[in-house]
Structures are given as C-alpha cells and as structure tokens.
C-alpha cells in the first residue's frame, strides 16, 4: 500500500443546531457522544437514556451477538437539578466485555463486505480490533442523543417514533396499521416484528443463518406520528433528504424510501396524489402516498419510511479475500457478530429520525 | 391559517468545501447559483456549463413541458483568462418564457401532491407563480455547479457520471452493462432510456399519460466510473449517505438504493459479500453488490445506485382538494408541466452525485 | 514559484442561519451576494438596499477614490409582492467604470502591504485587475445583506447601528455620546466624523496624504442601540468573538476592542465591574465597561466597539518590492485608490455587525 | 424574569475540518472535549497533552486561584498503538477539588462583570456552582485539543507558538525579540513575563490586588514562528479574523490586534507597508507591521498579535448589584478565583491559535 501521511480525519458530527458528535472504538476504553445545542429546561436523567440503550445493547438472546455489554450510560455534563441547562451534554459508556484477541486474523485479512479495506485505503492503517470505529458500538452515541431528541419532541409535540422489522431474508411481515402499532408490540418479538406468525418465521431464518455460519439481511419500517407541520428546508435540507442521509449513515443500510417510494414510481399522478381537505382545524390528506412529506416539508401526516439492511459482512464461513500485503487467500472470521443487523436496528432508526426532526424543529422555531 | 411572523428562511447551500448555493424562482427575473470553494486553475468557460444545461432544459419535444427556455448561462465571477481563480463562481440564467397568468387558480387551490400547502404552512405565504422556489427551475443552479464538479473530477481522476431512465410507469429497461454504457446512448433516446425497444414503450407510456391529462413516475439509474478510492467520511458523512441526501433533495425523488439495495436485504452474507482480490496494483472485488461503497467509503469500484421518482404532482385532470381559506373544492391545474419528471432527471442526478464526490474529494486531499 | 495544482477555493460565506455568500471581482462583469436564511415576510425593495450602497460607493468627493460607480443594485430573487419569501435573496451590482489597463504594472510587481503576493502564494495565480477579489468592491455584497439585516433588526427590536470615524492618522475625535449620536451627524461630515472641528482636521490629514501620493490609517467606532438581551453563544460563538471576526474580515482592519478594551486591561476589577440594578422592568448596569456583552452574551446595554484600520496599501509613491519572477525592484502604483479606507468603512462596519446580530437573533428565537 | 421555555442550546464547536467540541461545567463530574477531524498517523499519548494542561492548571502558587486540581487527562478514543487513527479523540478530565457550598450567595446575587445575569437571561436558569459552563475550567478542553494542534503543526512545519504576559495593570513588559523568545523564559516567571524586572513588578501588582480582595487586568502577546505561507481564506475566514474570534472567545478577553494594530491606524502607508524582497528561495518582508498576515492570508513571516484581558469579575470586595428576584443589594463573593486571568492565559492563547492554524492548514492541503 502506498505510504499515506496526514490523512484528514472523519467528520462524526450530525445536525446544525441540535448537533451530536459521537466518538469511540469497539475495543477502546469507552464510547460516547456530545450533544450540543439541546434546549435548556428539558427534564433529563440517565434512566431516560438507559431505557433506549437497553433496546440497542447486545447479548439479548439467540438473535444477537454473544458480546455481553451492560452499556451503562453516565451523563458527565449539561444537566443540573434534573434539567438540561442548554450546555453540551456529554454521554459516556465504558466498554467491558472485550475479546480483542479474537481479531488477530482480521488484522491480516480484509473481510469481504466489511470496511476493513476502505479504512486502510483512507487512513493508511486502522484499529482492527472489532472493527474499531466501524463497529456497531459507534451507534451507542447516536442512541444516547436520539433518546434526548425523542424525549424533547414527545414533550413539545407529542411526537412518537416506532420502528419495526418488516422482513428478514425472504420472510415478509404482513402490512400493519402504522397509526396504531405500539412499541410494546414490537419489543415483544425477539426479532422486533410485531406480527407473531411472521416473527416466528423470521426467528427461524436468523437461527438457520447463524447455524450455517452465515448472516441474513432485512428491512425496517419507521412511522413517526404527531409530526409538527412545516419541518424541513425545501432545497437541499429537505426533511426526506436528511432522513435519507440519516438512515444510510447507519452501518449496513443500503436503501431508503419514503411514502410510496419505489412502488410510487410505477403509478400515475391521478392515483398517487393525496387528496387534501380541511377539517375545520387543519389541512389533512385522505391517503398518505407522500409519507407525510411534500416538497421536502412535513405536512402534518405521519411520516412513513422503509430501510434496507444488507446481511452482516462478518461471517464464520470461509471466504476468499486478500490481505494487507497484497496476498490473495482465505478468511474464516472469528469474533462475535450479529447474524442479522436488522434485529437491533429499530432503536437506531428511531434515534436518527428523532435527531433529524429535533434539528429541523429548532430551525423552524418562530416568534409569533 | 395561523398568523406567522418571522419564519426562518431556507438553507439552499450544499457541500462543506466544494459548496453550492442556489437561488431563484420560476417566475422571478432569473435563477442561478454561487459555487464557492472550487479549486483554482481549472479551465472553465460558459460553453462547458451550457452543454449540461442544454440536457436539462425544457421544450425539448413531446416528452417534456412546453415551456420554452433557452437557459443561456452567464458566468459573472470566479473565472479569469479561461481558468477558475479559486474565488466564488456566480452563474445566472435569466427567465424568459413566463406565463404567470396561467397560475391564477393555483394561488387559490392547493395542488394535491405539490408543495403549495407546505410552503404556506411553513412561510405563511408563497410565490405561487409556477411553484416559485419549488419549481424544477431551481435545479438549474445545481446543474451549473455540477457541470464544474464533473469537469474537475474528469480532469483529476477520469471520473465519469452516466445516469439513465430505468423505468417509466410499469415499463422496465432490461439490464444494461454499467461499465460500458455511454452518454451518447442515453441521449439518443427521447426518454433517455438506452435500450431502443424499452425506450419506444416508455415514449408511448409518457404520451398516454400526457394525453389523459395525467402524469407518470419512473426510476433512474446512475453509474460513476473511475471513482477515486477512500472518499467518504465514515460516520454521518458516508459517501452513500450523502448521495442519498443529494438524490432525495431532487424534486419528486422518493427512494434511493445503492448496490444491491432492497434486493440485498433478502440475501445471505455468503452470497452478498464481494470477494476481494489484489491484482498486483490495486484491490478489487469480483462482484459489486456493495455498489462501490463499503463502510461509507469508496473502494474504487464503480458506484451504482437507483432512484425512484413519483409522478408529477401537477396534472390537468380535475382533483378534489382544499383552498387557502379552508374551503374544500376541486382543481384542474393549468400551466405547463412535464408529464414525467424522470425524463429530465438524469443530468440532475449526475450533477448532484458530482457535487457530493467533488466535495469529498477535497476533504480527502492529502500531503504525501 | 512552486507549481501549484488544485488549490482549494475560498470560503465566502458568513453566518449560520442568516447566511450571506458574496462573489465578484473588481474588474469582472459584476459583484453580488446571496442572502440565505432571511426570514419570510419582511418588507423589502431595492431602494432599501440602495440607500446603504450609496453610503459605501466610491466617487463621493475628494476624500475617496476617483472610480465613479453608480452601484445600482438589482434583486433577482427572494422577494414577492414587496416582501421577503424566506427563499434566497440574490443581489447583483454590475461593474461599470473599469480602467483595467491601469493595472499592468501590478500584474508584474507585488504591492507592499497588499494581498497580491499572498494570493499568488495561495492560488498560484490571481486576477490582478484592481485587486480582483481582494478589492474593496467585495464589500458591496456585505452591504446588500447587511442592509436587510439592519432592516430586520430595526423592525423586530428597534435596533440601531451607527458607526463613525474616531481618528484619522494622529487626529482624534473627542468623545461623543454613543447613546444619542445620529447617522445624520455622521453623514454630514465628508470623513464621517460627527465633531466638526475634528472633521475639518481629518479632511486636511486625508488631503495631505493624497497630495503626497501617500495614504493614512484611522479608527472607527460602532454603537449598537436597543440590542435584544441574550444574544450570543457562550463558548466559541460569543457575540464579541463573532463581532471580532466580522470586523477583522473587513479589508485593512487590524484591531478590535469591545467596551473598555485595551484600556480595561490596566484597571482593577473593583473599578471595571459594571454595577447591576433592576429598574422594575429589566436589569441594567450603571456603567458600560463591558460594552454591552458579558460572558459572550448581550446584556441589553448598548454594544460599543472600536476598530483599527491600517493605511491603504496601494500608494503612488515609489516603493521597493519584488516581482512575480523573483526580481527585486521598485513600484509606483497607478490605479485609483482611497487615500484613507476608514472614511468609507462605517457602513461596512454597521453591515457586518448587523449580520452577526441577525444571525444570533435567529439562533435565539424561542417558543414561549 | 419572563418564563422561558425551550431556549436553544449553545454551540461549543470550533473549526471546520480540525474541529473541537468542548463540554463540562466547573462543578459537574468532569470536563472534556472531542477533537474531530484530526489527521491519522500523528504520534500522540496522554503525556503530550498533560504537559500543556499542567501549564494551565490552577493551584500553581500565589499568583493563581487556590483551587487545587491535578487535571489529569484521559484519552478515551482515537489513538491506537501510539498514533492518531483519524477518528474522534475524546479527552476527559474529572473534577476533584470542588467546594460547591462556597457558591450559595452566587445563586442569589448576580456578580457584576460576570456572566451570571446573561445566562439567566438566555437560558432561564443556570448551573451557578462556580460559574458552571462560564468557568475557566471550560478552557481545559481547548488546551487538550490545542496540544494536539501544536504537536501536529510542529511536526509538519516546525511551527512554534509562544505567548507571554505583556502587561499587568499599569506594569508593562519592555519589548522582547519575538523571533528568539523561548517558552522556558516565559515559564520561568510566576506571572509568565519573560523580563525579570517587569515580572517582579507584576507579581507585586497581582499580590496587591489579591490582598485588597480585588483583581487586575493584563495583556498577552503571541508570536507564531515558522508559519506555512498561504493559510487563511480571504473573505470572511481570514486568518486574522479567525484568530480574532478565537482570542475573543477566551473568557475575559476584550481586545485583539495583529501586527501594528491600533498603532498602525496612526501611520501613513509609506511607513506602514512592509517592503517585499526575494532571497533566492522565498519572498520575505524587511519589516513586519502586517504581523505575518496580509489580505487575511499568511505570508510566511511570524504572526504577531496582542490580546487585552479585563480584570477578573469575581472579587471579594463588596459590590452593589441586583438579585434573581429583582431585589437591589450588595454582594461580597466567596469562592476561589484568580486575581489576574492573564497569568494563566498564555497556554490558552497558544491553544486557540494552534486550533485556527491547524484547521486552515487542512483547508489548504493540496495535491502537487
């Protein structure tokens, strides 16, 4: 590899006003985030955040990686007498259950489908232990900040975020009513699919992949209810554009659609356009092909979107690949990995959506 | 509607270092853009930009809107003796063929599927003539800046951007070889579909919709060839995440996928992972399910992505809707509109992709 | 000079929410600016802006450069039916009275004290005609946007910006009452010094320098009255820190102080601290050593600051210098130049201050 | 006080590419910073940073506050096998010697000259313990990141930053040679003044103020040697403009000048302009009135600037002031405070300057 010196670092900051910076590697001392720009006066304690981290953390059963982390969050700044002060909120989660020696062969061989090679191309070297910064543990910081965003939007507008697994491999969840689905229904399923029959089939799909030393992909749906109208900046920072960036920034996400999405591209305008009516208090639409966003701006209807996650790159089946020195050979990866990333994705999806909406909400604040 | 005072304005700037700000309304005096952060020393003249604008401009035949604009660009700054100086480049295109009185009924009634209502919700009032800022004419500024980005990347890395129409309504283009498809093949088709038989069917689909006073959706594919490796910041500013934002920021775009995309979510890791090999000079992959991006960073393979465009919202068939005063009624829109936005989308898709890559290229510049 | 390729361009954007991008060269076709993020609903016409440009424009008499420009502004977007729409506002001023052939010797020799050499070091070449981008004509865009900022703040908070010349060379203006000084008093003086005797001495100082083929420096004071309290972000984006950046970004500005400034560094806390009292409605201070800003945040008292401007670099006296090819020699500059930049600085100072305050005002918008 | 709800938070991030976010309150569990965008491959350990923190920390003798903090830094991410990885670097310093009950009267009464009142005006309430976020402890994060910036620039360009105390109260340091002054000379003085006689007088001045329950102001000079030419973006992000922002963002800083500064405003161009010559290898100037920056861009000469610091606001002498409930009364502040902030300012000044230069250095990286 060519000698690289002084490569620029990465930009780990998201949001213009409600802005989060995440930091930390899978096998470093800790991971965390700083949330800057959070309004003052919001009730907040560590328990509020822990509840979301508990939904994200590994070691929850046969469906997820065996790495067992408590993921206990500490808030080091920005909260005083139980309320946010408007100053930056610093979150830290110390890493505990590290098996760094599992990763010796990963130091040498590039995992197919994994970021290993690209990190070396970009930075000249990498922290190869557990994927370093490309580990899913990076998303802990997003969930911490997202928990605050969800709490904030719940309080100011009653906004609710619910994400669930819509398919795993070739098993699809039948249509559910996005206006009534509850977080309890989702969390009751080990694969976070709210329909029991589909959930059982998906569990079998995940276990089969795991047993075969393989992995499997999936899709996740998100509904956001009680969305304030008028959020989104109508050219580049459209609400749906920022949601797309937010979702594709989640590891393994390869696709995004809002409302009718790809299916809508096969329709005519006369069937796709959502009829508008005024109910005496506000404007509404009879259908929601738009997914709650028109011209990049929320119209007050529920936001609906769907995300595709590829199968986990790291598998224990042997695969042909190349090594750091240019040698071509074979790798059977060790280490502990999720057989299906979609299963733990819903809380991350909710977090990223909440970060987008909180930021745009603050950009839309107005004096009446 | 509630009285709004002092609503924040929109953010019409895209890019961190290679940064474009667009401005202008459909029926104002002009539209344009300022490109800030373009490197010094790149040969540039108005003709370089005009070539791309000519692919975007309306009035090109039966497939597009009847509005006939020459869209002649003037460069007002940033170029000296035929080269960029590193100072901001100001582009202006004066509007000519305006029929503002076509839009009288749009002042009163909200078009279903259109941004009219959301602009009123956000700003309290709007420039209703031809959609104002939500008009597709806003994309002229993007194409101007994108032309410079394409020229820059072509020169420094031989990078090529080619987008084409992959489906219109229910008519699909058969698979084409993304490594060899040429811009000439695309531009030879009135609907920008490089396969003649499919192109003919798509033309019929567009004309049928137009004749019926209706519109139709479509999808667009993009390949980027000769991509420098190591582009993309690996957390929030992933290359694929920024492409997703860029694409969803194009009017009417409702979906984005990269590489295997949604289809990849149905696969196992063992079939999805792209085998890596070293050919003596560089690392490559045997397949390209990743679409050229792994961990948010380009791996040097071609970037492949696909975008969904909904049918044009404005149609002349009568539709039920509501008005500014809260009345419920019916609108049959006048004005001149594209029956299928996907037909004119390819050059805009290429422009946005080039803006993303140019910006990340500058972020990755390094001293050896 | 070392061969430079692909140097990054410049960042000509200022402000986070109320954000201006300026563009244009002294001898290009035009100069201008795009103001993005301006709230919707503010009454605005070209005349509102022209009034400020007229205070900035050259050719106003013996005190300024002989270049005679009308500097007529055109607004190309963002205003509809006499009000801002929230969309980007594009300003353009076409250049008219250009004498590009005056600058032949400047192509070859670097003017001492001027940016010529630094532009070549940075970009590898430059538009040498009249200073190109480093010309004071760049500030036209700032004044356009600043005029909107002043109008906006006047309307929402009654805020007033008044800047005046406090010294030229060794001639000082005696202390004036910042709470009562009026723009009319300032503009009545050809050197913008509100005290008649000092103004006359300053005129003589400027003319003496001009006659000698020389130039002279000066200082400018600024008061901002009716400042909303609570503006400024208390760490890096302090109100005084952003004012300092704004002022030092004006060509030829070399120093900034707020409130007691450098004199305050010689005082004790017991004499410097401003006593706080509550008058039944709001908190006030009995003195204003703070200059209206404490901890980076406005306290509601008038903002007071002072800026130092060096003498104009371009003079017609012969000076020793070096040329583009490394030769050492002598230059007697031609072209038309202000003998004292401070004389035209006040409206630019006001504009930059207004841009800072408008941006922080929007960042401080709140829901009650 | 009016009821405030949902006030925006503060922006505690500085830098575009080399970007630091600081967090933490004086009496919270910890303070720290995240440095994002630092290039990969720079040797770095905690000791490198500690050396700078030790110069900043309190409890160093009679000249500084009695608060005794070890200020031991921990690096929690971004470093692997002794080198930066290009990922965000997280620094944390736990607070130890807190006497929160000293601050009971500060909860009630606003300290004159202090940010207490402004925080309440802005956020509606504040963490009053030790000044919370407005405490000088916030600067710990700046020094951590600044240490990395200094190390980086030292390595790539041999750049050196040396700041020293130039005056305290009415005691001035005689002129020193900025080209040869060393950090050892500065640190040998308890007040960081490199001239022994002046240092002794300044010590007496500080002690006199301390004994009287008072405080005293001062000025600090900075030289940056071996500055890469061509740094600085020539409109708003001028090198001197960003230095001005950086310096004014330091608590208690009220003034900034570069090169000749305010004195230069009294000169003629013919005496102020620095003669340029080419020495066979590079361009230089015979004098340095410019302070190393022309047109906002470094010319390769040493950067020279000077900063004014007001006297510490918190003093133990009784002062008239108002309280949270609007009552007018008197406060004699307890708690531990520096009698002269200028004494501890030099390492903070160096840190902020290094952050500015590192960021602009990365913006100027180029491919040859």
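In order of appearance the chains are A, B, C and D, and numbering begins at 1 in each one.
One rule holds in what follows: a contact is a pair of C-beta atoms (placed from the backbone, for glycine too) under 8 Å apart; a residue touches a chain by one contact, two chains touch by 3 or more.
Worth saying up front: this structure is predicted, and the values here are computed from it rather than measured.
Asker: Matching residue numbers in more than half of the contact pairs is the bar here; say which of B-C, C-D or A-C clears it relative to A-D.
Answerer: B-C
Asker: Among the chains here, which has the CA centroid at the largest distance from chain A's centroid?
Answerer: C
Asker: Quick check: more C-beta contact pairs at B-D or at A-B?
Answerer: A-B
Asker: At what distance in angstrom does the C-alpha mean of chain D lie from that of chain B?
Answerer: Measuring from centre to centre gives 45 Å for this pair.
Asker: I'd like the Å distance between the centres of chain B and chain C, where a centre is the mean of that chain's Cα atoms.
Answerer: Spacing between the chain centres: roughly 38 Å.
Asker: Quick one: chain A and chain B, Cα centre-to-centre, how many Å?
Answerer: 26
Asker: Touching two or more other chains, which residues of chain D qualify?
Answerer: 4-8, 10-13, 16-17, 22, 122, 133, 156, 363, 365-367
Asker: What part of chain C is in contact with chain D in the complex they form?
Answerer: Chain C residues touching chain D: 2-8, 10-14, 16, 22, 110-115, 117-119, 121-122, 133-134, 138, 167, 169-170, 209, 212, 214-219, 229-230, 232-238, 240-249, 251, 254-262, 264-270, 272-278, 280, 283, 285, 289-291, 294-300, 308-315, 317, 319-322, 326-328, 342, 363-368.
Asker: Once bound in the complex, which stretches of chain B touch chain D?
Answerer: Per the touch definition, chain B meets chain D at residues 16-17, 156, 363, 365-367.
Asker: Mind pulling up the chain B residues that touch chain C in the complex?
Answerer: 4-13, 17-19, 21-25, 28-32, 34, 36-42, 74, 76-78, 80, 83-90, 92, 122-127, 132-133, 156, 362, 365
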